[in-house]
Amino acid sequence: MFLKNTWYVACTPDEIDGKPLGRQVCGEKIVFFRGPDGKVAATEDFCPHRGAPLSLGFMREGRLVCGYHGLEMGTDGKCAGMPGQRVGGFPGLRTFPVIERYGFIWVWTGEAELADPAKLHPLEWAESSDWAYGGGLYHINCDYRLMIDNLMDLTHETYVHASSIGQTEIEESAPSTKIEGESVVTSRFMENVMPPPFWASALRGNNLDGDVPCDRWQICRFTPPSHVLIEVGVAHAGKGGYHADPAHKVSSIVVDFITPETETSIWYFWGMARNFRPQDEALTAMIREGQGKIFGEDLEMLEAQQRNLLANPTRRILKLNIDAGGVKSREMIDRLLEQEKRPEAA
Amino acid sequence: MFLKNTWYVACTPDEIDGKPLGRQVCGEKIVFFRGPDGKVAATEDFCPHRGAPLSLGFMREGRLVCGYHGLEMGTDGKCAGMPGQRVGGFPGLRTFPVIERYGFIWVWTGEAELADPAKLHPLEWAESSDWAYGGGLYHINCDYRLMIDNLMDLTHETYVHASSIGQTEIEESAPSTKIEGESVVTSRFMENVMPPPFWASALRGNNLDGDVPCDRWQICRFTPPSHVLIEVGVAHAGKGGYHADPAHKVSSIVVDFITPETETSIWYFWGMARNFRPQDEALTAMIREGQGKIFGEDLEMLEAQQRNLLANPTRRILKLNIDAGGVKSREMIDRLLEQEKRPEAA
Amino acid sequence: MFLKNTWYVACTPDEIDGKPLGRQVCGEKIVFFRGPDGKVAATEDFCPHRGAPLSLGFMREGRLVCGYHGLEMGTDGKCAGMPGQRVGGFPGLRTFPVIERYGFIWVWTGEAELADPAKLHPLEWAESSDWAYGGGLYHINCDYRLMIDNLMDLTHETYVHASSIGQTEIEESAPSTKIEGESVVTSRFMENVMPPPFWASALRGNNLDGDVPCDRWQICRFTPPSHVLIEVGVAHAGKGGYHADPAHKVSSIVVDFITPETETSIWYFWGMARNFRPQDEALTAMIREGQGKIFGEDLEMLEAQQRNLLANPTRRILKLNIDAGGVKSREMIDRLLEQEKRPEAA
């Protein structure tokens, strides 16, 4: 069960650079490509001629050409031509609203007439030259909500990411969860702790001492349908923590866009936005590589958890205080799902 | 749905050279082997003793010996012996009529009493020393009819085989389709076109200039159950095309025997028969290698098309003029399927 | 259908050396680990917190720590702690009776209150310094009863293991099968035969001539649920065969513990116990390597047989005299299964 009348990240611009991309989103097999004006388009990935996936084709002058017999698909889902054929009466394809913004292609798999660019989640950092962003994409065989749970309870860092960002002080510091409008916010603050390897390295990357006690924070913010943006950082101890002067801290935003592929698989767009040394591309690459390794550690656990849950469908699991972020996020999703089902009641 | 009372290619002689071969044809798991007289036999691939596949066994004096406990199976499907056992009362296996001819082993998976060697499709070139043949075998996960469609509409060459036999003139030349008795024939003629790389090479292989305008032809002939033989060739332009003197042309027959394995998978026996330089084995090998690469390009497309069709079972696809060959072939198959179901009505 | 109120081999001690092991036995997903006292424990492999497999975790001071969020599981299936949590009310896990003995960990997946260490199959050789043991583990996709059949009818050695322990004299010697209490015993004796390669090598390994006629014996003993212990050996011909003086023979016990994983897959613990040169570890390693190769030859046949039987569910297979060992073993299993279903009738 996933929300459909909402924007999900479908892909990044480099994935449709000069070629179409086939990707399943919310159960819909979709082909993404750029039209003649360079604008992104999305249609069903099914050639009306013989049913071949259009994504196996190629781009020619802004038209998507089927790689089997040459049917040309326009961005409006209508056949734009085919050698030796009159295509006027050809059946069209469903198109999906898409937006390119913030360095991502976003798709709306619900009712097209409800698609509203204003409903796109704002990402100020993505349009500011004070910030740099680097990230990647993982395919994971799990329900998208298991990944939300994962990100809204960073206790797991101590175990899953013990060698990089985990430290026992995380689980010793109780998180607090609250609702802020359409967001769920779970915060955790640790005072006077030694920074774990990833943060020690980040401090040094920002020309700060990495071997001294710090105050550390994690502010996880869920917004529907399945975005989790996490403010993370460390400041030298006693300098004000989260509110410390930039001269004493290093901080960033962990970016997690979780796009359901099927009920039990996701496209996981992860990354990090930072506002220190934003022009330093080598630093961006180094952070991305480090983050990629760390976030790859979640895969095995999430897929094993998913298999275990599927094998035990009637079994209840716990909702502890540390799980409040995930629990509240799921409640918000459930409420919105209900609204989608009965819009008149909303 | 496939025809059963008909001959399909099961394998080539080298596949049963001194050993049994297990292969599923039309849903039947069959073991093929040579009896004591060298004649091919086919029985169910199931040892009556403990159910092991007989195809994992070995040949001993014309008997197929089960590799598990040594039961010996005769060509008549009756147990011919087993160490220390009286085998008279052992249950027998179903046998399948088989014929070895034209360089292939043919099998009849329908009612044995209807099997008639006279119904085998004649292949004159296969018994003439003026002709040479080379070919291969691919396993493809698609309905056999998708491969018939593919071969009866060569428009796809322009897209799927762009670097070898494709050229835009193909799709610019409308094909014509007609019924000739028990055959469907789709023909396409192109005049005064430059030969694409495969044909330029073939011309040179026949000591003809490969860089001059040519007339090109493709005459696709479907015969039930699922054979497609295609006369293809090029002649130097203005020399009479298809009817040109052999001194001015190079031609051959593309041979396609499509054997259903299951409803959605096939054994695809492809090859080329030619009547120029038939003794030149190096040329045969070169052509086979080139054809193997080209025909391998269809695999990904056909399997992706099959997956797309299975995922969209209610969706209609188009039947354009270029699809007439496949459409008429399917109509002929459907008519014969109906006859098989109700033989008394025929 | 497998017996549940019985002991199966779950694993060997090295598999839980300092770490937990997840293994499915009789359909139950179980995690095996050592408690603080070093004693083996077994619980469901499902963390009560969020459903992650506990077997992905690690050991800390005799507690199994979940690798996702740190829940600590005790050997009693009760949560022993979790950072920042009061765990008193946490739901517990089912535990499974386990015994470590004879070099194996044994598990009881049936009713715990019926678990009785006295019901463990005695293995005198495993506790005697006059004997040495070496073995291994294979995972095979077949019903456990197909492996019992395999081991109770060694006729297959002539075919499956032709290059090592097979010889035609096996199938020429009729076996005899009898019931001895709770055992099925199938015996085969061959007189004055040349030893096949494995036994020739074993004779030489015991400082005996390996190229002279021998008497050979195989005494297969099935005991429920699925143990097959086979006395095998050769003696120089005319020295008394099975009863010959140790100076003239070489003998050992083939050990087969077959643990059902699912209805159609097993964990197959194979090995060999011998009472000659028991201190010679190089010999143990050499025998294990040889046996491993030979026993690996059964895998392909058993998995192919299983697939063939599943594809032909209504088909009957034969029960010849050579199959009597397997047939009687299955009858014993069926009788015990009936008793498990209706204990009051027993």
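The letters A, B and C name the chains in turn, as written, and every chain counts its residues from 1.
One rule holds in what follows: a contact is a pair of C-beta atoms (placed from the backbone, for glycine too) under 8 Å apart; a residue touches a chain by one contact, two chains touch by 3 or more.
Each chain and its UniProt protein: A, B, C = Vanillate O-demethylase monooxygenase subunit.
Computed from a prediction, not measured in an experiment: that's the story for all the values here.
Apart from chain B, which is left out here, the chains connect through touching into one piece. In the contact between chain A and chain B, the residue numbers used by both copies make up under half of all numbers at that interface.
Copies chain B and chain C of the same sequence differ in orientation by 120 degrees, per CA superposition (steps of 5).
Distance from the chain A centre to the chain B centre is 48 Å, each centre being the mean of its Cα atoms.
None of the residues of chain B touches two or more other chains. Per the touch definition, chain A reaches chain B in the complex via residues 29, 45-46, 48-53, 56-57, 65-70, 83-85, 90-91.
Note for the complex: chain A touches chain C at residues 149, 153, 155-156, 158-160, 168, 171-172, 174, 300-301, 304-305, 308-309, 311-312, 315-318, 320-323.
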